[in-house]
Amino acid sequence: MRRTLVVLALAAVFLALFATPALAGEEGEARTPESSVTSLDTVWVLIAAALVFFMQAGFFFLEGGLTRAKNVSNAMLKGVMDFCLGALVFWMIGFAFMFGFDRGGFVGTSGFLANMAGADWNGLPLYAFLLFQIAFAGAAATILAGAVAERIKFSAYCIATVCITGLIYPVVGHWIWAEGGWLYDRGMLDFAGSTVVHTVGGICALVGAWMVGPRTGKFNPDRSPNAIPGHNIPMAALGTFILWLGWYGFNPGSTLKASPAIATIAMTTTLAASAGAVVAMFLTWIRYGKPDVSMSFNGALAGLVAITAGCAYVSMVSAAVIGGVAGLLVVFAVEFIERRLGVDDPVGAISVHAVNGIWGTVAVGLFAQASLGEANGVAAVSGLFFGGGVAQLGRQLLGVVSVVAWVAVTSTALFFALKKTVGIRVDDEGQKAGLDITEHNLEAYPDFQPTISEKGVI
Amino acid sequence: MRRTLVVLALAAVFLALFATPALAGEEGEARTPESSVTSLDTVWVLIAAALVFFMQAGFFFLEGGLTRAKNVSNAMLKGVMDFCLGALVFWMIGFAFMFGFDRGGFVGTSGFLANMAGADWNGLPLYAFLLFQIAFAGAAATILAGAVAERIKFSAYCIATVCITGLIYPVVGHWIWAEGGWLYDRGMLDFAGSTVVHTVGGICALVGAWMVGPRTGKFNPDRSPNAIPGHNIPMAALGTFILWLGWYGFNPGSTLKASPAIATIAMTTTLAASAGAVVAMFLTWIRYGKPDVSMSFNGALAGLVAITAGCAYVSMVSAAVIGGVAGLLVVFAVEFIERRLGVDDPVGAISVHAVNGIWGTVAVGLFAQASLGEANGVAAVSGLFFGGGVAQLGRQLLGVVSVVAWVAVTSTALFFALKKTVGIRVDDEGQKAGLDITEHNLEAYPDFQPTISEKGVI
Amino acid sequence: MRRTLVVLALAAVFLALFATPALAGEEGEARTPESSVTSLDTVWVLIAAALVFFMQAGFFFLEGGLTRAKNVSNAMLKGVMDFCLGALVFWMIGFAFMFGFDRGGFVGTSGFLANMAGADWNGLPLYAFLLFQIAFAGAAATILAGAVAERIKFSAYCIATVCITGLIYPVVGHWIWAEGGWLYDRGMLDFAGSTVVHTVGGICALVGAWMVGPRTGKFNPDRSPNAIPGHNIPMAALGTFILWLGWYGFNPGSTLKASPAIATIAMTTTLAASAGAVVAMFLTWIRYGKPDVSMSFNGALAGLVAITAGCAYVSMVSAAVIGGVAGLLVVFAVEFIERRLGVDDPVGAISVHAVNGIWGTVAVGLFAQASLGEANGVAAVSGLFFGGGVAQLGRQLLGVVSVVAWVAVTSTALFFALKKTVGIRVDDEGQKAGLDITEHNLEAYPDFQPTISEKGVI
Amino acid sequence: MKKVEALIRPERLEPVMEELRKLGYPGVTITEVKGHGKQKGVTHMWRGAEYRVEFLPKLKVEAVVLSEDVGRVVNALIRAARTGSIGDGKIFVYDVADAVRIRTGEAGFNAI
Amino acid sequence: MKKVEALIRPERLEPVMEELRKLGYPGVTITEVKGHGKQKGVTHMWRGAEYRVEFLPKLKVEAVVLSEDVGRVVNALIRAARTGSIGDGKIFVYDVADAVRIRTGEAGFNAI
Amino acid sequence: MKKVEALIRPERLEPVMEELRKLGYPGVTITEVKGHGKQKGVTHMWRGAEYRVEFLPKLKVEAVVLSEDVGRVVNALIRAARTGSIGDGKIFVYDVADAVRIRTGEAGFNAI
């Protein structure tokens, strides 16, 4: 009964959003001039968008691999549906909020259904820009998935995705990336979205994981945590590599044009990721006695997140340093969030995306070099370590604080509303049976005999 | 003995085909002029071809994930070999049948071994065009694999692949895509192959699944079906996402040049896929009480298949509607094919590719808008819903009916011939043991203990 | 204690390398002129680099799938870390050894930390070239992983990776690919690296597998081998397909510019791979009675390795022949290496990369056609079968012999040194428990019940 | 009470359950085991090398029944599980000292 | 000596182990089995088609104990494993003719 | 007839089978079980957090043998399975009331 209502409500929301545009459709198409440069830019941005799209698979493989077999189908469906819902919602409203006509530096207010034929995207066809942005919105939304894995209700997750891609994320995007956005105007720099995508997703993840509560059995009565090992390490490894691959679209694609700078950006990206993984591996080797596999993967991702803001502004060596620091941060953050904050984040999403999203944004204020920004055709600004003083650092911090505040408030409201309506947490019995059964009546691996788990929960 | 004969026969066919070209080889090379535009087009089409190539992995992962563990190695080898055999055969003869000198609108008759140096591919190098076409031929052939999974003899499957890529598919391709083809001349529109690739593959799948018969144990004596759950949902999820990724080559790549239209096409593709998945998910949620994971994946693929014909002719909103309808169709078609037709299609290949291939082709006659076609540099035609009357709809229907007839007849003949010669069905004992053992003497997962299945068959 | 020392030593090496550049960083950046052609070339090489990067995942999935479940996490970490370490080391020193100022035709001596702003890369931005080369270095290093799988110490593997990407590989690369390199000057042709990448990696693999010794239980006292089946065939299948996909970056990307020749190269690549797989499949069908799944995968890879040297010099038919021969060679080589040499190569790395790397290099001396090389804008040379006499064949053989000698000597020294210091082999107890537990204290698949293995070792 | 323990071919599970149900003994416990007996193992192939799998999968079906029914149960099991070829498996019968139903605490033959 | 064999719900393993430890019997052997009894199977869904999983996962917990402790062990097991709904499982008790500790060769009740 | 049931370390399966074959008892049934006894579990690590795996994998090897051979079988098993460290496992012996070969219907000691 209640379930039927939820379904109907979701369907209604969806159809409502869906119905309106049908009328406006006819005029919703862009006409773009053809030229060789435009074509090259289009090809480049489209391929970058495809790579970023594919990151979805990376996200849900990482999540699925680092959690238990009984919840993996749920992880897969979440991963597919957050992109699908996100694409529709962002096309319909998110894009307008993000890049529509600016209202007070806070939000865009025109161009619903991507109805922006006249707008200027630096010569890039509207739809190439839109697709790239859709893929980004999907990435921002899906970060949540890993942090609330193995216990969030599927219906609540779907609604959360709609709200993140439809409102929470586009507003931040407007602030920082849209001309007229108040942080954009103040000169905050976030080249490919350490803040816009990763901090936003990471703070949603923190709030979500905190409000949904830990998985049943994660913490003992004395608040000490239990380890809940992931069920498929190769799956997590492939997820990591797909994400890394996608980052070659994410960062260099954010140029939105095919300039030689994309090579520089791809290199800073590579070095930061490599340094992050190497540092995380050696750190766990020293701390835990053996090199830890899944933390090394997290290290690579932390490096990638951290270099995302600065990839076009910093030198190769700085990139390696930024990535290396990210590798340190992620290891300590995972411990801190679990043991001090008592928040259960099965895949380390908060540590990777929120912590290193912030670190990466701040790092621009430290490592940016005006000469490099100029060479790459982006803002020519220097950070604290390269003679630029604290000016840029201040702008970066302002941006971080504002975004964290906005996301914390809105996502708390979101999860609070969800809790009071459809509910957000699968109950203990449901978690014991696994979300695959409870939420989808499906077994992910019916042909393999499960092992006897320690806690008597299979 | 008989097996040796089969092997030898296959080898002989292969070598025969292989030997002839060796003589003609020297002149078989194209010389193409170098220019920046050509280079850009080449880069674009090549990357698109690589993405379409990678769809093979999507197909065989989807198939493998939705079937049982004991047949998964067989699914993998089928997936690899149909591309390899298909590439060789299409290069040697299929390409000539498809794009060679037209004979009566029915078939090409020159250019075996891709010996077509002089031909004009709109400035695109011959081999870029050829590789793209090879990848398409592989896709058309591999659709069959899922529908006849878990029971077709491997030798029969190899021969079927050779015949589909060598003859059945190229003839349809000639009709619709080659200048001079009779449906091409009549103005049937199938931009990226809802009919050419998906309906062809889907009808082969229908005929194949029907003639091979259902899997042992699929139907009870009273004709009611038994559920045979797939063994690995994450595998199917990854397969789905790889396929979707590949579609960013499949549809926008079919422009065969790097025009800004590729962005528009990529967006219609995205929205149709998203709408298909969302609609299928909500529909199963309502019908089955819980959102169904594998049907949602099928919904995304159904949306992709359906938008393939019209991706360059329809608006964003139309694309979403086409995809949404595909999401409905696939759910009902799966039920219909299994319960009413009594045909066993383990992965839903017929519902996804045949049903939605037809739907997508017809949808062009409904949703096409001349203004959009013009803007995208393709045919400027309007469908029934946009003031174009029924003219285009008629052409589309003519095309569908003709292609279905051709494929139904030829593939029936093919499977009939196979049945009378090498045999097409692995016997009950062989199916119980699994095709991995029966056909390849291999266990796919020797380190994991299988579960006790319901039917006592592991 | 000893372990701590190893960790510290590794960390120290790493930090030492890392520290120096930090000073030089500021000037280490390239400035490149912007133009449309450069941009197109950059886009192309970057995408090719991303595809080659992704081959890492192919390598470690192939390795993981063809070995046992208890070692798969180790395989994953090796795969991730060899790229990460390799990227840092190659950036810091390998690139300089390979493309720095030539010293005596033997090695480059300038440009550490890629500090080569002034150098000319045919108009390609330095960092695009560098990233492409990094991905290649990673591939050369990772070939070793499969051959020494399931028994090499992780610390030794890390150090070996550093030495291969830092020294062994770049020297060969300098000889053959750098202007001034002694084999380059003598006209040896190795378009995309059958020798530079695959023979180097393959010989390292041979030496490594031989010096590490066979896996515990692989050989009986009478030297007859035992089969040790791989634990996950779909994983190996995906690995194979990811590798093949990556080859569309590897071979056509080696043009380093977006010319129409990339289409031709992609086609030769496709046909060789297909022929390799088809021939290997039929050969195993005849020899073993049933078509062998994993050998067919190896056949495709063998074809790819073999065509790598000649992909821009040979005709389509020649490509198919070269690939087909590779398919034969790999099957016999696998048997020979295991049964005659008594070397344990779990995934066939030596047969695929060393044997076919050599075959492919030699094949250039047989099948090259001057007309094709000219058309593709590369060296116009004819081989023995096309009227060029034995001149080119001689150059190819000289190259092969020299490279094999260099790699054999240096890698023997490397493994010998490792053996005497950190040790290279996990002991029998450790192998029985599995490297996941022994080296990383982790279970890859804790939710699945392992099967009872034949040897009583799970 | 006796425990009848049958080691059967996996594919015979369905008929075996059928027979037990008919006799009024639906309660069984089934374990996936590996067996070794007169039956030769099977030969698999890995990259051209044959290897024997000596232990073949069997199911162990355990049913605790009243002593007077043992004969009938054993005969029914033989009927259902026999194919006539080597590897059909064995049936072992054990005494059961006591049985308890956890839910109710009932003991003895009420528990079966 | 007797063997107490309990077929329990997987999620009751922890309390069961707890009770056994308290009684001084930490030594057990556990097997993943599938059970069938009064309890109805569960219904799963595959692409819109329902199917029954007739055999439900249970754990078989075997502990060999001294004869005089059987009563206490059985009661403890009932306490720990009971939820009150169908499917709670059963306990069977068997005589053990002998027990040996492999490491030391000790036999009889020293081996337990 | 007796059933000899040995709980052994997985890596001792091969020598155990060897010994049984020598004694003319190739017929066995093997089950993958988890054991808990004096042996401490092992500690694994997950993302920096240690956790104990209390139940260790063992194999249960069951062989039904003639009563007069029990002693020899048990001794052979001890010989083959012993490593001398904690966790070597146990052997339990049970009476078997009857044995039947399904293929032939032979009962009693002919069935073994």
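So that you can tell them apart, the chains are marked A, B, C, D, E and F in the order they are listed, and the count of residues begins at 1 in each.
In this section, a residue touches a chain if its C-beta (ideal position, glycine included) is under 8 Å from a C-beta of that chain, and two chains touch if they have at least 3 such contacts.
These numbers were taken from a predicted model, which means no experiment stands behind them.
In terms of the stated touch criterion, the partners common to chain A and chain E are B, F, listed by label. Between the two copies, chain E and chain F, the C-alpha superposition involves a rotation of 120 degrees in steps of 5. Comparing the chain pairs A-F and C-F, the larger number of C-beta pairs in contact belongs to A-F. Listed candidates were C-F, C-D or A-F; the one reproducing the A-E interface, defined as more than half of contact pairs identical by residue number, is C-F. For this pair, chain C with chain E, the centres built from the Cα atoms lie 53 Å apart.
Within chain A, contacts with two or more other chains are made by residues 36, 40, 43, 47, 229, 232, 238, 288, 290, 292, 294, 440-443, 445, 448-452, 458. Taken residue by residue, chain D touches two or more other chains at 30-32, 34, 44-46, 54-55, 94-95, whereas all remaining positions touch fewer. Chains that are in contact with each other form these pairs: A-B, A-C, A-E, A-F, B-C, B-D, B-E, C-D, C-F, D-E, D-F, E-F. Of all residues in chain A, only 432, 437, 440-443, 449-452, 455-458 touch chain E in the complex they form.
Considering their complex, residues 3-4, 7-8, 10-11, 14, 18, 21-22, 24-26, 28-34, 36, 38-40, 42-43, 45-47, 49-50, 53-54, 56-57, 60-61, 64, 72-77, 79-81, 83-85, 87-88, 91, 113-114, 125-128, 130-131, 134, 154, 232, 235, 238, 436, 439-450 of chain A touch chain B.
Contact residues of chain F toward chain C in the complex are 10-14, 30, 32, 43-46, 57, 59. By the touch rule above, chain F contacts chain E in their complex via residues 2, 6-8, 31-38, 54-55, 58, 60, 70, 74, 77-78, 81-95.
Those residues of chain D whose C-beta lies close enough to touch chain C in the complex are 34, 44-55.
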